[in-house]
Structure formats: structure tokens, C-alpha cells
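In the two assemblies presented below, subunit A is common to both, partnered first by subunit B and then by subunit C.
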Partner chain A sequence: MASSIRDELLKVLIEHQPHFLSGEEISRRVGCSRAAIWKHIEELRHEGYEIEAKPRNGYRLVYRPDRVAPEELAPHLQTKRFGRHIRYEYSTPSTQTLAHQWAREGAPEGAVVIAEEQVQGKGRMGRTWHSPPQTGVWMSLILRPPISLAEASQLTLLASVGVQQGIKRVTGLPIQIKWPNDLLIHGKKVCGILTELRGEQDQIHYMIIGIGINVNTTSEHWPEELKKIATSLAIESGGHLHRATLIAAILKELEEVYQEYLNSGFRVIKSKWEQAAGMLGKTITARTPQGLITGVAERLNESGALLIRTDQGVIPVYSADIDWKEI
Partner chain B sequence: MAFKMHEIRELIRLIDESQIEEFKIDNEGAKLVIKKATGRATLVTPAPETAPAAALTPAPAAEPVKPAAPAPQAAPQEAKAEAPAQDAALDETLHKIVSPMVGTFYRAPAPDADPYVKEGDRVDEKTVVCIVEAMKLMNEIEAEVRGTIVKVLVENGQLVEYGQPLFLVKTD
Partner chain C sequence: MASSIRDELLKVLIEHQPHFLSGEEISRRVGCSRAAIWKHIEELRHEGYEIEAKPRNGYRLVYRPDRVAPEELAPHLQTKRFGRHIRYEYSTPSTQTLAHQWAREGAPEGAVVIAEEQVQGKGRMGRTWHSPPQTGVWMSLILRPPISLAEASQLTLLASVGVQQGIKRVTGLPIQIKWPNDLLIHGKKVCGILTELRGEQDQIHYMIIGIGINVNTTSEHWPEELKKIATSLAIESGGHLHRATLIAAILKELEEVYQEYLNSGFRVIKSKWEQAAGMLGKTITARTPQGLITGVAERLNESGALLIRTDQGVIPVYSADIDWKEI
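== the complex of A and B ==
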């Protein structure tokens, strides 16, 4: 890896922040010459890092730009596989598109595509996702689960549980899941998840879980029609969030729930999902491609479909947009 | 190829959750019949050329015996539209692309986009023919055979069942 010296250097600097570390000590820890260290420090400064140099004291990190590059994530990652291979772009049409390419080229499970900005962020059925630069988390996780195609939709619910737990751990915000996997705070959307799958009848080649989170977005970033239905973690918490920390927390939670799922199946995920869902027990309307269904949201079935109690009995809903009013 | 244990478990679960009362599938000679009333699953190997393997096609007439009166419930033009589709569905030489899961069938990547394939289109193994969506999982279905699309069996936006035929393909 070409950038490993720089990653290591940054890691050492972050670990010692706000203290100084001598050039010799740094070169010993990173395992390269002091000249090489100088060069990499220059490069980091170029990317917006402020590194103070003081004779006899050495170097210290003063300011880190808010980036979600691999070297910024590395010090925070606590996962075994998720996020251990990262493809990072400042700007890309869509992290989903890149992830598809990478998966076809053989990306390992847990590989992640991350961008600071998406110019054609993908939503469901050709819809767009508004992803202004450096304000959110726009990433796509590649999975190769050893499960049947019919079970694969369970992973979209699993993803919402993992992301919900990660965000909650970092921010403490009251974040709820709307079926199947939107995340809402006070009824407004803060995160969307789009899962795409390539496979054959009896085998999944790969799945891509696309996650878009409005983190430091402020309402002036949005067109008028989005302001009523969207929110961000910064708006809700009243403060700026460090995105790399958030990503690391989300990847850790995702890896844990995924491992739990592979070990013991959907049951545990299902109950976690039901605990985090805001709509159970409420009267909702499901807008399905086959028409409207109104009734009380009861629970999930074993595939992750939403069971709605109506006058005609309990109906499993597989595809729908859900509306409900908080009373 | 016979059925794998996890596939059978999966099928039982899916049918249990659905409103399907009876389910038959013919997988390259191995037949599986699941009936809800008795809750029994039976696995039968190579069947003599009797029952067609058209699992889940809209109510095929059980016996080829002609009733004296015209079909009672279906409107005439609807029946006419069904007839060729069924003939084609019963044509054993055509390959069926079936849905791998319960979900909504989409012919195009977006509402205003062109369909992935139309009748008469050439496809190969890797051609994406449609999307089946459930729980916001977009499953791009590949043809898995080389040939020509003869018939699209379901409507855009229709809910499809596990194993339901979606396309008929005349293979090369």
C-alpha cells in the first residue's frame, strides 16, 4: 500500500494529540527515515491538516480537517473486516455504482466505498439522494452472505438496526426505524438505506448496502421540498459531529449484528428491529404498487415483511412506503 | 438436481407466511409438493410426463376435460388474453425465468425508464431482465440463459411469489 507510511504517521500524530512527539520518535514508530516523515508531513499539511513543528519538541497535530478518508478512519476502526478495505473518493456520481464495479472485480466482504460528495446519489427506483460535500456519510458496504436469495431482504432490516445503534451510541438521539429501513428523528428522515443484490437463483454473488446519512447538513443545504421531511444529526443535536468517528461506530455495530445474524439467524435482529421501530401498534397507511393498505402495524414476519392488521385480516407487506401520523 | 435441505426449509417458511394453500415445484425432475391443509411436504423423484410443472401460474385447468358451459367467472376478453400465455407457459421447451423471492416485479430501473427487456429481445446469461424488490432490497434478476424473450408473464408493479415464472425464453 502506497499510503501506509502516511496513514501510520497520521495515526501516531492523532494518538498523541495534543502533545508533541519528536521527529526521531515518529520515524522509529512509523519505521522510515526522518526525511520521509518530513515529506509526508508536508503532504498532510497540503490536505488541510495543521501540524505544528517546534525545535527540540518535535511535531504535534493542531487541526484535523473533517475528512472521511481511510487514514482518518483507521485510528477509530474497531472492526475485524468491515471497513478494512476502503475505496475513497472526494467526489463520485454514486458510491453504489463504484461498489458494484469493485464487487465485480472481486472486492472482499466488508469492503466499503466512501465519498465526501455524491453528485448523483442513488435512491430507490431511480430517485436521487441529495448528498452535498463533506456534510454527510455516503458509503456503500459490500457483503457476500452465505444465505439464500429469499433470505437476503432480511439484511436490509439488519442494516437499519446496525446504523441505528451506531448513531445512537455516538449521539444519544432518539432515532427510530421506519419500515423497512429508513431512520427518522422526530418524524423526519435522517438516513436512507438502499440495498442492491446480484445473484443467481441459488447463490448471492454480492450485496451492496448503500447508506446515506445527513450528518452536518444544515437546512440551507436543502431545497425547499426537503426541509419539511428531512433532518440531520447536527440539526437535532445542536452540534457538529466528527464523521469519521460516526462511520467507525456504525461499521462496528453493523459487523456485530451481521455476525450475530450469521451465527443465530434473523430472530435476534427481528426483535431489535421491533424495539427500534416507531410504528408498531399504530395505524398506518402503506402505499404499495398494488394500492393502499390501511391498518395497524403489528410486527415483522420471518422474512422481514410488515404485518398489517386490516378488516380483511393480517396482510404481509413486502413493498411499500409507509405513512403514519404521530398522535 | 434435487432440492437442498435449506431450500426446502426456506420454501416451507415462505409458503407458511403466504396465502398459498398448495405449492408444487418441478426442479429438473425432482418434484416438491407442499400442501398447507395437512402441513405435509412430499418429495417425489422423476415424475412420468403427466402434470405440467407450471407452479403458480394463474389457475390452470386441472384436467383437459372441456366443460360444456363457457368458463363462468372470467370475462371473455380476459380469458382470451390468458389463453396464449398459458399455452406458452405449458410449452416445456421454453425456459422459465422465475422469481427467487416474494416481492414486487419491476420491468425498468425507474418509472420513466425503458424496460430492461421486451418480447423479442435477445438475452444472454448476464442480461438483467427485471428487478424484484422486497424490503427495499433491489434484486436484479439475470436471464441465466442465452436466447430470446418470448413472453413477459407479469405486469410491472405486480406482487410475485417465490418461484413464480416471470419470463419465457426460447433458448438457443
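== the complex of A and C ==
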């Protein structure tokens, strides 16, 4: 992503917060005239940024609106490739749909689609995902892993590990993975991950990791039936979170586990997933297309299936909704 | 597929071959006027069908051009769903591309795209597939299996079993499967299968089984480098084959193994695949993205990976090109 004057200006202001920086100094750092700086500062103010100007002191950033636009993300990004190409929309039917289109057109690995709002957010198995404006992280990451179709499910589990670590790092909250890739806090869902792909038997053309996180959502954002089963990071932590900072942390963790996977394979990811899973060793009920399976959740197999120990022996579950009470 | 007057007429003529059938009788069976029958017979003649007409005897079919159009296929189809919806093109860049589009638009399971010629035929891993006009079977079958991504590779192996059985039934030739899904006769490639899909972790949206078979191809159809490694059913059997009959036989076998898979799972398919594979027990070299692996090909695992016994133990191979001399 080529850095624009505006992005540079914002970066300089953010880095210098809460102090003043003279117009001359800003102009030097950004590499353009003071008149141009003034024009861009007016533009930022128009978008909700509060920038104080004092005759002898210069400028300082007082308030940043909570946006997930590329220029808000850029100062926080510590990745090599993830998030270095971004398509940002205020409102979109679904970031997954946009990402599919971009991937078919040749988007590079690590490219991300981010929106403030999804009006037809997608969940697993054709379900919808409630995505009210400017309250959550609704994003889709494009990957091109050099693996076969048989290994694709490993990436789904990898994604939940990366996102779980990113959220934990920023919030410190006790967040657990529910197979295959929901994230829960105190038994309530705070994040859903949807992995989609297009590929052939021994090659994945592209994979899209869709991530939906309830960040600053309050319970009045939700319809009645969601209030009992959903939560948000703000509800759990008691405070408002800066979403762009969170996104940057998640992309960093995802890039790291992905690199680890490419270098060393699934073994390390599998062990991290098992550590972060809340359900292992517990009695669970899996609603599968073939019927109900009740037993003790033991571990993952190499394909990412969940192994459940039942009276009839150990059964691998590839697709299911899981119920378990205690967490 | 709604049956047209023309399809009905052709069906009646084919069923009655080599005998004459009176215009009156044809008109009764097809259910339209003798004038309409005459019009359609003229149209068929225009497309290369030879239909003899004798004043007192009526009509008889003398020669059918070797086409793979739906009306040529219909009289031979013995399936419930496979091939019951067909998109037929004389020439197309790739039947896979058309099938992807149709599947996204909602094509039903079992729908098939068939062409006389592909000008940009697709092989595995972005390779091209040489598909000269009216010499082979170039088709793509759309499936919507109720399985997860982790199980998708099983369908690739299922496809090679179905196609192998169909070809064997029609030709009696000693045709063997080379992992993952090439079909060989006397060590030369006669058929390639390309499985592509779009899906999410626990649901496949659609899967496309692309099948390319050299049927009546003669070696002058091929560039020099293909002559050594490719063969056709005609070369091996010494005679011209009716492609529509072959397609119908393959669709029937595919439908049967697919139904068996849905009813009883991968176990039966795996055992059929292993029986039809030419390479098990032989020393092979696998060129994988991680390097060369040499050892004895043992069997498949549950994910469809090929297990190779090497000095370092048994290694599962998910993606590779295989070399083995003896067949």
C-alpha cells in the first residue's frame, strides 16, 4: 500500500500524541508544504478527528474517531505481508464476498477486506452474522497456502489460534476456542471464523479467512435470541476498545502462526489449539449431519477432526455444532 | 431436461435401428404431425445424420455422427440424476470454467457440462490439457456432497474409481489408476481428472469433477512430447468408440459409487481404488513441493494421502507427481 500524504500526516500526529508538533516540523517529516498540511488537517477534522491548533505550539491530535480505515490501521501494523494491501468499505453486504472477487482477480497473499458494517454478514453453513456498524471487526484475509485440499482444515484451526492469541494479547480476557473455530468468553460467543476456499485436489487457489468479532457491541445492538449466547470484548472488559489496534494485533499473531505452519507443519498449531480449547476432557454433544454424538472431547486428529470418545469407541467429527455446558 | 420433439424423434430412430419405421408410426410415438417429423428429419440430416427414406417403408437411421450432444446421450442414459441436466457446447475454453459459473448460479447436483472441443483445457496444478475437437470426452460434473472440507479428497479418489470402471465396462481394456487420479493403459495416460471445489470448513458449496479422456484421438493429434506418454482408447482397442455411449456408462458408474459413498462412507471406495491402482507395492518416486520421496507405495490413508514406506518410516503424500517404471 503506497503511503499517501494524509496517511503520513496521521501517522506523525498519532506517534506524537498527546504533544504538540510545530507546523514546520510536520511539514518536514511528511515532506510537503505547510499549506498542504493545513488542507489535510481540515479534511481529517471533517471526518471526526479532533486536532487542536495553537499559534506557537503547532498541532496535536486530541481525539481519533474509532474507524478501521487503512490510515488508522497503518501506524499499528507490525506485519510483513498481512494487511499490507487493504480494501476498506464503510458498508458492504459481506467482506467474504468482496474478498472472493478480489482473490479471483489476483489479490496477493495477506490482502485484507475490512468494513465498518456488514449488511449481510455470513456465518458458518449459510447462517447470518449480525454485524452492526462501527462496533466490531468484520474482516476477510486472503491466503494462498502451498498445501493440498486434504490439509485445508488445518488452516481453519490455525486461524482460530491466531485470532485467539491476538485478542488475548490486547485484552487479557480468558478467551477459549470452541471447535472448530468459535471463540468464547465465559461460555458466550465473542468471535466467529469462517474459512472459505477455492482449490483443486493438490493445490489451493485461494483461501479466505473471515473474522467477525463483537468488540464494542452492547447488548442493545442484539436481537433478543442473541443476548443469551453472545457477548463482546467491551461487555467483558468493561471498556471501549480501539478496533484498529486490535486488528493490527490479530494480523501480527496470524502472520506468525501462519509462518510457523509453513516452516514446521501442523504439529505446533495443533498443540496450541488444544491448549486454547475449552472443551477437551469435557463431555459434549455434537450435532452432526449423521445425528447426535455424545462423549468426551479428546483431541484433534491430523485432519483437524475432533475425536470424541463414546461407548462405541473414538469417533472423528468433521462437521458439527457442539454443545457443552461447563466452561 | 425437458425432452423436445427432436430428441424424441432421434430416440425412436436409434431404438429402431437398423430397421425402417413408417412415418405414421413415428408421428404417433413422438406425438406430432408427419409434417413436423419431416422438418426435424431434414434438420438432423443437415447436422450429419444419414436417414434413409423409402416410400412404403418409412424412415431408418443409417449413420449417426459421433457427437456428444444431449440428444445423442439421452437414449443411453441409465442414471437418476447424473447427466439429467446438460450444458452442451461445440467449442469452449474449458468445461471447468463453465461449470464453476453454472454451479455458482445454482446448478443442481449431477449437472454436466460437455463440449466437443476445449481450446484452453485445464489440467492439474494450472497445466493445460490437449483437447482436440470431437476426439475425446471433455466434461465437468457438478456435485454438492454433504461433507466437510477435510473429506473432500475422498471424492477425488471416488471419481477415478467411477471413471475407471465406466471405461473398463465399455472397452474391457486393462486400465489402472495412478495416484491421485490419472488413468493409464500400459503405462500411458488416457484420462486425467481434475477436482475443483468451493466450500467452507464444514460444508462444500459445490465440487466440480473435470474429466478428460482421449477416446478417438490418434497420435497425429498430439504434439511430439505427448506421443511418448499419452494414448487413447482407440489406439489401445484398435477401433473407433461411440463417445456418447461411453459418457453414459461413466455417468452410471459415477452415480453408483457416489451413492455408495453417501450411504456407507469412504471405506468401500478406498478398497476399490486400491484394487484398481497400478502402483501399490511398487517402488516409486514422488516429486512433492517439499522434495523427492522414494519408497514403496503402500496404501491410502483416510484423507486420501498416499502412504510411502521409506527408510525414514511411512510418509503420507498429499500432493505430488509420481514416477514409477514398471506397470
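The rule is short, and it goes like this: the second predicted complex is superposed on the first by the 323 of 327 C-alpha atoms of A that agree within 3 Å, B and C clash if a C-alpha of one lies under 4 Å from a C-alpha of the other, contacts with A are read in each partner's own complex, and residues count from 1 in each chain.
Rule of thumb we're sticking to: a residue touches a chain if its C-beta (ideal position, glycine included) is under 8 Å from a C-beta of that chain, and two chains touch if they have at least 3 such contacts.
Keep in mind that what you see is a predicted model, and the values were worked out from it rather than measured.
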Superposed partners subunit B and subunit C on subunit A - clash or fit: clash
Which superposed partner A:Pro146 touches (first subunit B, second subunit C, both, neither): second
First (subunit B), second (subunit C), both or neither touched by A:Gln203: second
First, second, both or neither for A:Ile41, with subunit B first and subunit C second: neither
Which superposed partner A:Ile175 touches (first subunit B, second subunit C, both, neither): neither
Touched partner set for A:Thr156, first subunit B, second subunit C, both or neither: both
Common interface positions of subunit A, toward subunit B and toward subunit C: 124-126, 148-153, 156, 180-181, 194-202, 289, 302-305, 318-319
Touch list for subunit C against partner subunit A, complex: 124-126, 146-153, 156, 180-181, 194-203, 289, 302-305, 318-320
Residue ranges of subunit B in contact with subunit A within the complex: 6-7, 10, 13-14, 17-18, 98, 100-104, 106, 109-113, 133-140, 142, 144, 157-159, 162
Parts of subunit A lying in touch with subunit B, wherever the complex brings them together: 124-127, 148-157, 180-181, 193-202, 207, 288-290, 301-305, 316, 318-319
